[in-house]
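After this come two complexes, each holding chain A, first together with chain B and then together with chain C.
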Partner chain A sequence: MQRYSIVSIARNALTGHRNWQRAWRSPEPKPSYDAVIIGGGGHGLGTAYYLAKEHGLTNIAVLEKGWLGGGNTGRNTTIIRSNYLYDESAALYDHAVKLWEGLSQELNYNTMYSPRGVMMLAHNVHDVQVFKRHIYANRLNGVDNEWLTPEQAKAYCPPLDIRRDARYPVMGAALQRRGGTARHDAVAWGYARGADALGVDIIQNCEVTGIRRDGDKVIGVETMRGYIQAPKVGVVAAGNTTVVMDMAGVRMPLESYPLQALVSEPVKPVFPCVVMSNTVHAYISQSDKGELVIGAGTDQFTSYSQRGGFHIIEHTLEAILELFPVFSRMRMLRQWGGIVDVTPDRSPILAKTPVRGLYVNCGWGTGGFKATPGSAHTFAHTIARDEPHPINAPFTLERFRTGRLIDEAAAAAVAH
Partner chain B sequence: MLLIECPFCGPRAETEFHCGGQAHIVRPSNDVDDTAWESYLFIRNNPKGIHAERWVHNHGCGRWFNALRDTVSDRFLAIYAMGEKPPAIDGLEDGNDKR
Partner chain C sequence: MSTDVDIAVIGAGPAGMTAASTAAEAGLSCVLLDEQAEPGGQIYRAIERLAARGERFAEILGEDYARGAAIAQRFRQSGAVCQAGVQVFDLDADGVLGLIADEGARWIRARRVIVAAGAQERPVPVPGWTLPGVMSLGSAQTLLKSAAMVSDVPTVIAGSGPLLYLAATQLIEAGARIEAVLDTMPRERYLAAAAGLPRALMAGGELRKGLAWKRRLKNSGVRYLSNADAIAIAGEGRVTGLRARVGHRDMDFACSLVLLHEGVVPNVQLAMVAGARHDHDGLQACWRPVLDPFGRTTVANILVAGDAGGIGGAELAAAEGELAACAAAYDLGCIGEREFERRTRVPQALVRRKKPLRRFLDTLFRPRDEVLVPPGDDTIVCRCEEVTAGELRRIAALGCTGPNQSKAFSRAGMGPCQGRMCALTISHLLAAAHDRDPAHTGHLRLRPPVKPVTVGQMAGAPDDA
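This part shows the complex of A and B:
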């Protein structure tokens, strides 16, 4: 792997930047691997990276039906935080935040992790009580989160309107300073480059069409480019997880919904942090390119359309303008949808399945990007050792039978 | 936004409706095992294709009906009454539970 540094930039400048190596190869699929990962998004590529780096499994492949990071990895609003209520969730998401902090150095790839702070607004007494409960729970788990008065919130985020007579007055806010954003594409590309350098085959345009079983164990996958033998298969297919798991005969507690986001025209830096509001259902930040990045809601029905209803955008922008009337003349530049797989308790599944050798990492719903490194790191452990990692152990598939749910109804911090 | 054909009121905007999720789920008797109960509570058909689901025209006549919808194009293929079986259409998964 060609390392990126100021020296390599200078050297390549001398040849007009025409001789940069490709960041990863495009190999033909081999007939057999020690493990196959289905899904070339951040979570899948990260899993392959940690399998190769920490567990020595280098004869592995990532199969992606489209292009790398073309699913939800490239369609989210890039928010990173770990201020979840329950112990299990706080451990998982904070593991991810700790990995985010060193990820650019780890991968020698600038993921542009920017801990600019995630601020959640409280608009009524209920919000105040809920957020304070979150703050105390977070502190017990070693996760930073602090309470701000309206004036402190305004000082942290000057565009905020804290007039008492606003329709949704700001009564305070919870701030996680380590929260922030990262460059979504760079996460997929950085992990892909890192995994490739360790010998992982990344195969794009290779849709899985079947999973072959021998009794209760998996033996390989059928793909559009032929059959690939593998004693271990990790499914990391987000909104398409049900489709893939149906091929293996495993029914999943998942429903897939379109979730939308949109960005404005780029403007000079006006918005210093991430602001979220459950009550008016809005979340917003500004990318380094200058676009306002705005997250919208899901459609009410299951769908694989990657589009989303127009009235959802209207509702979202109404909410944004209630909080930030200053943006009323901004033009929206692009809108898109991603298909999110939602579990009944709004917590992910990172686990073994009833089929031996088949593992699943899914159910991230509307908030999976933030967890990418932690999810990948613990899931690689589960695949390599055929046992749960201490952090992902509670996130089983069986919890829906035993009733041991992790009921993070506020997982996305916006109303569902 | 979808244009949905309410069998009682005619074509109306999606915002007048609420989707009630998968249709034809039957509550099992109380003495079933945990697996059957899990299936009833949590396991849903989530096809990339034709889905049988319930809708209610809650900002109109307030009445429920069933529909077959293609989850790739979001096009409604059939609308039928509560209590009726879905009309025969190629690609429709049968029953509630394949396990």
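This part shows the complex of A and C:
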């Protein structure tokens, strides 16, 4: 692998940037691999990277039906944070944030992780109580989170309107300074480049059409480009998990919803951090290109349409206009949707399945991007050792039968 | 949300006005929405003010333009509601339209939506086309129609298509300083199109009319050069000249305004956003919705009429508007089968008669390859994000298969115009780079809002909508 550095940039600049190596190969699928990952988004590519890097499993392939990062990896609002209430979630998401902090160096690829702070606004007494409880719980778990008064929140994010008589008055905010954003495509590309350099075959335009089983164990996958033998198969297909797992005859406790976001025209830097409001269900930040990136809630009904209802956007924008009157004349250019797979307790599934050799990583709901490195790291462990890493051990498929839920839905008091 | 109207028609050109008139006359409640301040569309722009503007003005614009007055009059008397100055920014498969009127967003639901959004001029990505001082010929014609304005700076017109002859003549007669008209239609096209000529001649007087425009243009005293090629616009900061190859000779023209035109293509934004299937039309080199003979799309509640469904011109557009409105009225149970057949007979016959002419014109004026895919690497394809043809070719070489993937690499098509000015070029360029059919490469996935909407407008929507 050609290493990226100031020296390599300078050297390539002299030759008009015509001699850069391709970041990853485009190999033909082999008839058999030690493991196959279905899904070439951030989580899938990351899983392949850690399998090769930390577990020495290099005869593996990532199969992607479209192109790398073309699914939810390229559709989300790129928010990173780890201030979850429950111990299990805090451990998983903070594991991810710690990996995010060193990811650009680890991959020698600029993922543009920007810890600009994630501020969650409290609009009523209930919000204040819940957020303070979160802060105490987070502190006990070693996760940074602090309480801001409305004035402190305004100082941290100057466009914020903190008038007391507003429709959604700001009564304070919880700030996680290590939270922030990263560049979504770069995460997929960085992991792809890293995995490829370690020998992983990344195969795009290769849709999986079936999963072959021999009794209770998996033996391979059918694809548009032929049958591929593999004793281990990891499914990392986000919104399409139900469909893929059906091919192996495993029913998943998932529902798929469209989650939408929209962006504005680019403007100069005006918005220094990420602001979230659970009460009105809106997220807002400014991309490095200068666009305001606004996230909304999920639709109320299940659907596979990569687009959502406009009434959700309207509601979100009403709230954003209340909080940031300065944006009233910002022109919105584009709205889109991703399909999120949601579990009954709004926590992910990162686990073995009833079929031997078949592993599943799904159920991230609206919050999968932030977990990418942590999810990939622990999932690789699970596949390589055929047993979960201590961090993802609680995120089993069985918990929906036993009732040992990790109920972040109830903790956040909103539908994630 | 309650159903607000039976029929919503988008676009007040010949197709839209006729569709709205037909629907309202059949007893359906109908609203016609258009982003301009007055009905007329592009071809009949400001038609209702024609009478007040003097004989000389009417003479310049010609009889064909004046014909729009009757269509507008019928529409005004039909009882259909006209909402001008309204921007439709979203349309979904259930017939719900998002629109901006009076500074706020509103949603209305129609039982049937007829999209008559017309055509747009094909983007002409030649070197220098983004310089100030370059306009499309159609926009110069619009200025003439709506504001009786012509530019008085030295101007060169370059391109091909029937509109070239008409608009150039109109501008010359209105007093524009046209230095030269460069016709880029390759001569061998006459041969290619010759086979279709006899049937085209039978289709009516259009061909004669076209030849008459061309004659008028040639007799106007303005320099007219045919067989022009390799257009490149020169200038630092703004246009100072244009270079072209005419025959085998490179020629330079000094000018401060360049008007480009390489034909028109269907305006597919809304029908695509609504999820209607679109196919690539190889002859016209553009996308068009898949329609039944009456304009029904693959989405149940949505019909398309006029140039938005494939370029045909004003007369055909009006007939298609009639057909679409009849189909909608029939589907809604407003008219019976016999009435439907009676009403559709005449417009259907017209559509049948005009088809051979269209084929002839499409063959004759098929855009040259250099218009579809800029040969130079430095030519800008996506104006908003300043992505060049060379950049897109480099991305294609990396294995990027289509315009939705190239967004992630280059942001082409992600600026304020949302691909209106580059989607066609990107698809054709990537298709050419992979030596594939553009139908296979696909079109940029369109996202609402199809035109930018401010946060304030969207948030200002009434809650009961």
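We take it that the second predicted complex is superposed on the first by the 409 of 416 C-alpha atoms of A that agree within 3 Å, B and C clash if a C-alpha of one lies under 4 Å from a C-alpha of the other, contacts with A are read in each partner's own complex, and residues count from 1 in each chain.
We take it that contacts are C-beta pairs under 8 Å (C-beta built on N, C-alpha and C of every residue); 3 or more make two chains touch, one makes a residue touch a chain.
Small disclaimer: the values here were computed from a predicted structure and weren't measured.
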| item | value |
| --- | --- |
| Touching partner for A:225 - first (chain B), second (chain C), both, neither | neither |
| Partner chain in contact with A:251 - chain B first, chain C second, else both or neither | first |
| First (chain B), second (chain C), both or neither touched by A:310 | both |
| Which superposed partner A:321 touches (first chain B, second chain C, both, neither) | second |
| First (chain B), second (chain C), both or neither touched by A:26 | second |
| Contacts of A:11 with chain B and chain C, given as first, second, both or neither | neither |
| Contacts of A:344 with chain B and chain C, given as first, second, both or neither | first |
| Chain B versus chain C as contact partner of A:329, first or second or both or neither | second |
| Touched partner set for A:204, first chain B, second chain C, both or neither | second |
| Common interface residues of chain A - those touching chain B in one complex and chain C in the other | 307, 310 |
| Residues on chain B engaged by chain A in the complex (per definition of touch) | 1-2, 14-15, 18-19, 21, 34-35, 37-39, 41-44, 46-48, 51, 53, 69, 71-74, 97-99 |
| Residues of chain A that touch chain C when the two form their complex | 22, 26, 66-67, 69-70, 74, 185, 204-205, 264-265, 289, 307, 310, 313-314, 317-318, 320-321, 327-336 |
| Of all residues in chain A, those that touch chain B in their complex | 240, 242-243, 246, 249, 251-256, 300-305, 307, 309-311, 344, 400-402 |
| Chain C residues within the chain A interface of the complex | 90, 92, 96, 98, 105, 107, 398-401, 404-405, 408, 411, 414-416, 418, 447-449, 452-456, 458-459, 461 |
